[in-house]
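I have a structure here, written as structure tokens, and I will follow up with some questions on it.
By letter and in written order, the chains are A, B, C and D; residue numbering begins at 1 in each of them.
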Amino acid sequence: MNIRRHRAILLAYLGMIVLLLLTSVVAPGFLSPTHLRSTAVLAAFIGIVALGQTFVIIGGGIDLSVPWVLNSAAVLMTLLAGSQDAPLLWIVPMLLAAGALVGMINGLGVAIFGVPPIIMTLAVNVILQGGILVYTGGAPTSTAPAAIQFLAVGRIAGFPVVLILWIVLAALATILLSKTAFGRYLYAIGTSATVAEFSGVPTLRTTVLAYTLSGFTAALAGMLLTGYTAQAYLGMGDPYLFTSIAAVAIGGASILGGSGHYIGTIAGALVLTILTGLLPALNLSSGALLIVYGVVILVTVSLASEALSSLFTFLPRFGRPRGPSA
Amino acid sequence: MSVADPITPVKGPGAAMARDAAPRPSRASAWKAALLDRASLIIPCVMLAALLGLYASLRDGVFTIDELNLDTAAAMTLLLAATGQTIVLLRGGIDLSIGGMISLGTVLAATRFGTDPAQATAWAFGIVAIGALVGALNGMLITVLRLQPFLVTLATWSILSGTAMIILPTDGGSLPTGWTMFGVTSWLGLSTSVWLLALLLVFWFWFKRTRLGIAIRATGSNERSAFLSGVSPIGINITTYGLSGLFAALAALYLTTQTGAGSPTIGKDYILPSVAAAVIGGISLFGGRGGLVGTVIGAFILTIIGNLVFVLEVSSYWQPIVSGIILLVAVLASSIAEKSARRSLS
Amino acid sequence: EEKKPYKIYLSNNFVGNDWRQQMLRIADTVVKKAPLAGRVDLKVENVETTTQAQINSLNNIIRTKPDAILIDVGSPTALNPTIEKACAAGILVITFDQVATADCAYKVESDWSMLPAVQAEWIAEKIGGKGKVFVDRGLAGAPISEQLQSGFEKVLKNYPGIEIVGYFNGNYALGPEQEGVASLLAAHPQVDAILTQGYGSGAIKALQDAGRPLVPVAGGGYNTASLVCAQTEGAQCILETNPAYLSAEALKLAVDILDGKEAKEKHVFVYGPFLSTDPQPSKLYPDVKMQKIEVGTNAFPDLAPGLSLPITPDWVEITPQEAAGS
Amino acid sequence: MTELLTAAAIHKRYGGITALSRADFSARAGEVHALLGENGAGKSTFIQILAGAVRPDGGAVTLGGIPYRPRNPQEAQQSGISPVFQELSLVPDLTVEENIWFRREPLSAVRTVRARAMREATLALFARHHFPAIRPDQELRRLTLAERQVIEIAKALSRDPKVLILDEATSALGPQETEWLLGLARGLADAGSLVIYISHRLGEVRQIADRITVFRNGATVAAYETKSVDDETIIADMLGRRMDRLYPELKATSTGKVALGLRDFGVDHRLSDIDLDLREGEVLGVAGMQGHGQRELFQALFGIGSARGRVEVWGKPKTIRGPRQALTGRDGLALVPEDRRNHGLLLSKSVRENLTLSVIQRFTRFGITDPKREGALVDEMIATLKIKAGTPEQPAGTLSGGNQQKVIFGKMLLTEARILLLYDPTRGIDVGTKGEIFQLMRDLAAKGYAILFYSSDLAELVHVADRVAVLRNGRLAAMLEGEANTEHQILRAAMIETRAA
């Protein structure tokens, strides 16, 4: 991790804290432990989806199949489990594996055949959507099993279970990115696939693994989200497409790959969640809300950008390493 | 000196050294190299031809003017949106805000045109100007704040959508009847959309050969070199995103001729497809390579896939699967073709 | 004598929720049963959510010159020129559920001005004409959202003691409804009722999660909502119903018109009963039916939570199993 | 005679790194003025300031007696200063001619580029300066590095500059192209322009420069008339120490065991019928004119592109399908690639990450990387090669050109592969380090490494390689050894057809 990357991440957190203070001015209740907890829980869902997305984006790709991987896992889980806890023992691992498999297919298409990631994952998303409808006949599903509901909304000693899960995943992601060969390879591929290839980086394996991870986390988030709403419903993955990408970008990663970190994505997920939580409290019209949303995003990420410091140096930007903009 | 013979050696001490003593590629491999240079365009062409062939085998009258008129009309909004997107992608950026701009454009048209043709015309130009201005603002923010285009245009997308929603909270408004006749009018048997397509291509063949056109491609290809050669960083962003906004506004205006109404949410439908059309047409998200012809083909591929799924008469749940699979197979085939072409040559 | 079946297309712009799935299933089922059996050659065209795709699809449909097109529209106005083109080609056009404003098209829908009014009235009476309420704004930009929101507000205005303290966007999905209410709860220490446009059960879940007392809730007639209302101690609910068999009604209307029967109205309203934990007659609309929510009659623990109520119209028998597709 | 260009007390800092601390410079019209200094001395930074690409933090420049402060590259060009950048300023996706005339294309009445006029102007430019024949309509991507270098020169010349700056313009050029460029530069100076010439090849400098300015650590340490100073003094000024010899003693250390055997090896039409044995303990030179197959040979051996024929590595047949397969531990092959910016370095990543990219497994235990072990490897390499970086965390793209090259060399060394494919490994490296790298190569050979070594500088092949394989038309034209291994013989074999065609 270099200094620049650290700073982008630090500033993402700064943006998040500013936003949090701002919300507490609007409504003091936002700083109550209950609400902070529920904000964190909601952020966890985005954060978990965005985990895989972070890996894919750092590697220079993008995963647009997230919505229906998520939704498929949710629908299939409730369908197969039929509100029972016991079958989860095989259903959950199976669906996680299935999600990973879809991700792997994405990765193979991108890495072996050179299909542009946007098209590959978009097509897989559509096919999954259709596939689930064909398989289930569009039948609505049963209630989420109690065990899953416990994972999503339950608490251990007052601490939400899903947050514990998120923290564990975040730690793993951080280790993967910062401490393993896989992480190094991923940054290298995202920076320059050619140089990575010339350096003997296993580009195929690394790329496929990143997409696989994304499929895995999307499926996991789908099941957890089912626990949160107590049931699966069609369309539950849709909001997670742009939020997962936006969380990564707000967290300081370049959408073209090679930079960023999951630690930043966490801040991104929190920023987005705090913001969506804040908006209803403003009592504005839908239109005004969208405007506020846009402005706040812009201001928050500007904070996180190098803009402020660059105001003080008047050298042209190509004299220094390239910032996140392209 | 004839253009057809660019390899004429130059006399002088230098002439002896470089290439001409080196092994010359055979005529066939030179031909192959020329093909490869255009592979990212040829392959989508072949893909479109294959889809059209399949389509024609399932429906009568595919190779008629009527079909051309219909499909062009169906593809035109996407095409206009994708034209702006193409310019931005060539520069190595991306523009999500066209979603907001298209919504805003339709909403303004549906609420401000009234019935007076002069007023409608003035507002039409006004909307295009707003599009260009908003785009230019995007370009400025991207340069000055040094932010990723993805984030800046994500934010302005939201802001523009919000503005549209304040002006017209839900679908509605109306347009002069003359305006909605635009799409169905034809001239010399060709509908206005076909003429528009021709105009667009003429524009492109002009634009890509202007200094600006070259500078945009160059900046996408290698930013540092372009700037070292005198391209202005802020200038290039203002013009590319400005053009993108302008074309989004045009897309909005065309869309209203089809829908006869405004909609504060309709624009988002064109964001991903505009990128997809360009990418299918061979444009790299990393900038520098490709052009509008590819995008036109990409947009038609997307439209024809829709028609194809219709005439295949697959049962309703299978429709998205089939369209996804057609898209995937087509793109996969072209990726493999391009990859193997590249391998056999480099 | 045997008549050739009518060729009827059903154009649907969205498959991503349980209601639409049930609507489609009912259309498929009802053409196999008397009185429509053998009368209709039904073809369903689903398109992705974009208006453009529906326009293109309708143009394809028009070229095959069917007898009638039934359309669940993506926009009340944007399809008008295309619909007029179909009418001009001599095709019967019936828009249903989400209807178009084009004059030549028949319209079959629920009464979106009556439904919210009755709900708001029930809620207002329940809280004694005074208190703080949250209102769901639905999906930003969606026409029905506007109608429901203003329907709520118009009635609430008649009660000077009632104050709308917060708005949220429920997006007709459980997750967003629950998240929106949760945010508002954090901002507002007191709330006396919640009017949702979606399920209502998401709001109840948010109240429970925040450890708040249950308050009267308005929601939609889904099995999940009625179950939660029936099974939660102290829940007070008023659920409107928007029958998923609107497709069947539209089909029947099409066949009747094609048979030469004069339609009384071009704009047909379909009325389902209200479901409530405490049915009270409405003063504003004395004719509306109110059913008490009871397990077994309108809350089915064994059936899918996403099942939309009521299940069957009176002129044909559709079983819950057929509606749920299981 | 009055000075055309003067610079006084220029300084420039990048964060904590001082690139220029007190640079003075003064040059006349009509002269070739050499600017010398070790890697990272600040030469390119100075050039970029003159070219308007970088703003100095302080100091003053005058051009023709008036203050000169370009705000961007365009203004510099308008003032008549035309740079050939060390890292080039070309656009890969434009054609050769589009690159040369970029931003100055001839326009028609409708403001489009007049292709024919541009073609004519290109050919006229090529003819006027006797350029090597390069097709003007080719995309730049398809050109070799040397060809790109030539195009960058054409681009600079096309502006008819008052001041032409050549920043290591010969580092990728072969002997003939170099000769040509030197003649060109001399000619321009004689016609009244100022040519500022940066090179690490002292021979060239001696051949054309009228005066010399030496930078060390960002400051001017000396300025001479070329005639009045000897090489030892210049080198001492550059390095701050004396250097006894550039080339190491050539002692044969070959064991006779074949490390890499090629039979009927070839790459499409560009390389064919190569039979070659690279032995353990040997440095085998490869020579050839531009485009005669040496690049293809190196890349194919590293698994890039498709090759035919048989390859034996340490006695065992091996198919190399990609760099990953080539780089298999001590028995593998490692490459220093031709194009350092596109093939060698992750420019935005740190020196550390670049150095260790190919050897992450070496400091990974139980799947976890160990920063201490990594740091040790990195520090050792930085010290061995004297890589001038503020910290190992400095982005590689911000190193000076020579130091970037050192990072690539170090990255290859770290792989511990015992067959080294060195494609122009000393390109842009200063004399001091060059000498050390040659010594290192000989030492590695003595330790049992086998080295295939291409250089655009024939003298290096003669002095460092045991044998030299000369390629012509993609075939092995000669194998020179011992007495026969001279620059003259190499040139002869590379250029003159001896076999009947």
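The rule we apply is simple: a residue touches a chain if its C-beta (ideal position, glycine included) is under 8 Å from a C-beta of that chain, and two chains touch if they have at least 3 such contacts.
On a predicted model such as this, the values are computed, not experimentally measured, just so you know.
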Between B-D and A-D, the pair joined by more C-beta contacts: B-D
Whole-Å gap separating chain A and chain D, where each centre is the average of the chain's CA atoms: 43
Whole-Å separation of chain centres (CA-atom averages), chain B against chain C: 38
Rounded Å distance between chain A and chain C, as computed from the means of their C-alpha atoms: 33
For chain B, residues contacting two or more additional chains: 165, 169, 224, 227-228, 264, 317, 319-320
Residue list for chain A, restricted to those that touch at least two other chains: 126, 129, 133, 137-138, 286-287, 289-290, 316, 318, 322
Overlap residues in chain C, where contacts from two or more other chains coincide: 15, 24, 48, 140-141
Every chain pair meeting the contact rule: A-B, A-C, A-D, B-C, B-D
Residues of chain D that touch chain A when the two form their complex: 14, 48, 53-55, 72, 302, 304, 322-324, 326-327, 335, 337, 342-350, 353, 357-358, 360-361, 364, 367-369, 393, 395, 397-398, 411, 415
Touch list for chain B against partner chain A, complex: 92-94, 141-152, 154-167, 169, 223-224, 227-228, 233, 264, 272, 275-276, 279-280, 285-287, 317-325, 327-328, 331-332, 335-336, 338-339
Residues of chain A that touch chain C when the two form their complex: 26-27, 29-30, 32, 34-35, 38, 42, 126, 129, 133, 136-143, 153, 225, 228-231, 233-236, 238-239, 276-281, 283, 286-287, 289-290
In the complex, chain D residues that touch chain B: 51, 53, 72-74, 77, 85, 88-94, 98, 102-103, 105, 107, 110-113, 115-116, 119-120, 123, 126-127, 129-137, 139, 142, 146-147, 150, 174, 176-177, 179-180, 183, 268-270, 289-293, 305-306, 473-474, 495
Of chain A, residues touching chain B in the complex: 64, 109, 113-116, 118-120, 122-127, 129-131, 133-134, 137-138, 242, 245-246, 249-250, 254-256, 285-295, 297-298, 301-302, 305-307, 310, 316-318, 322-326
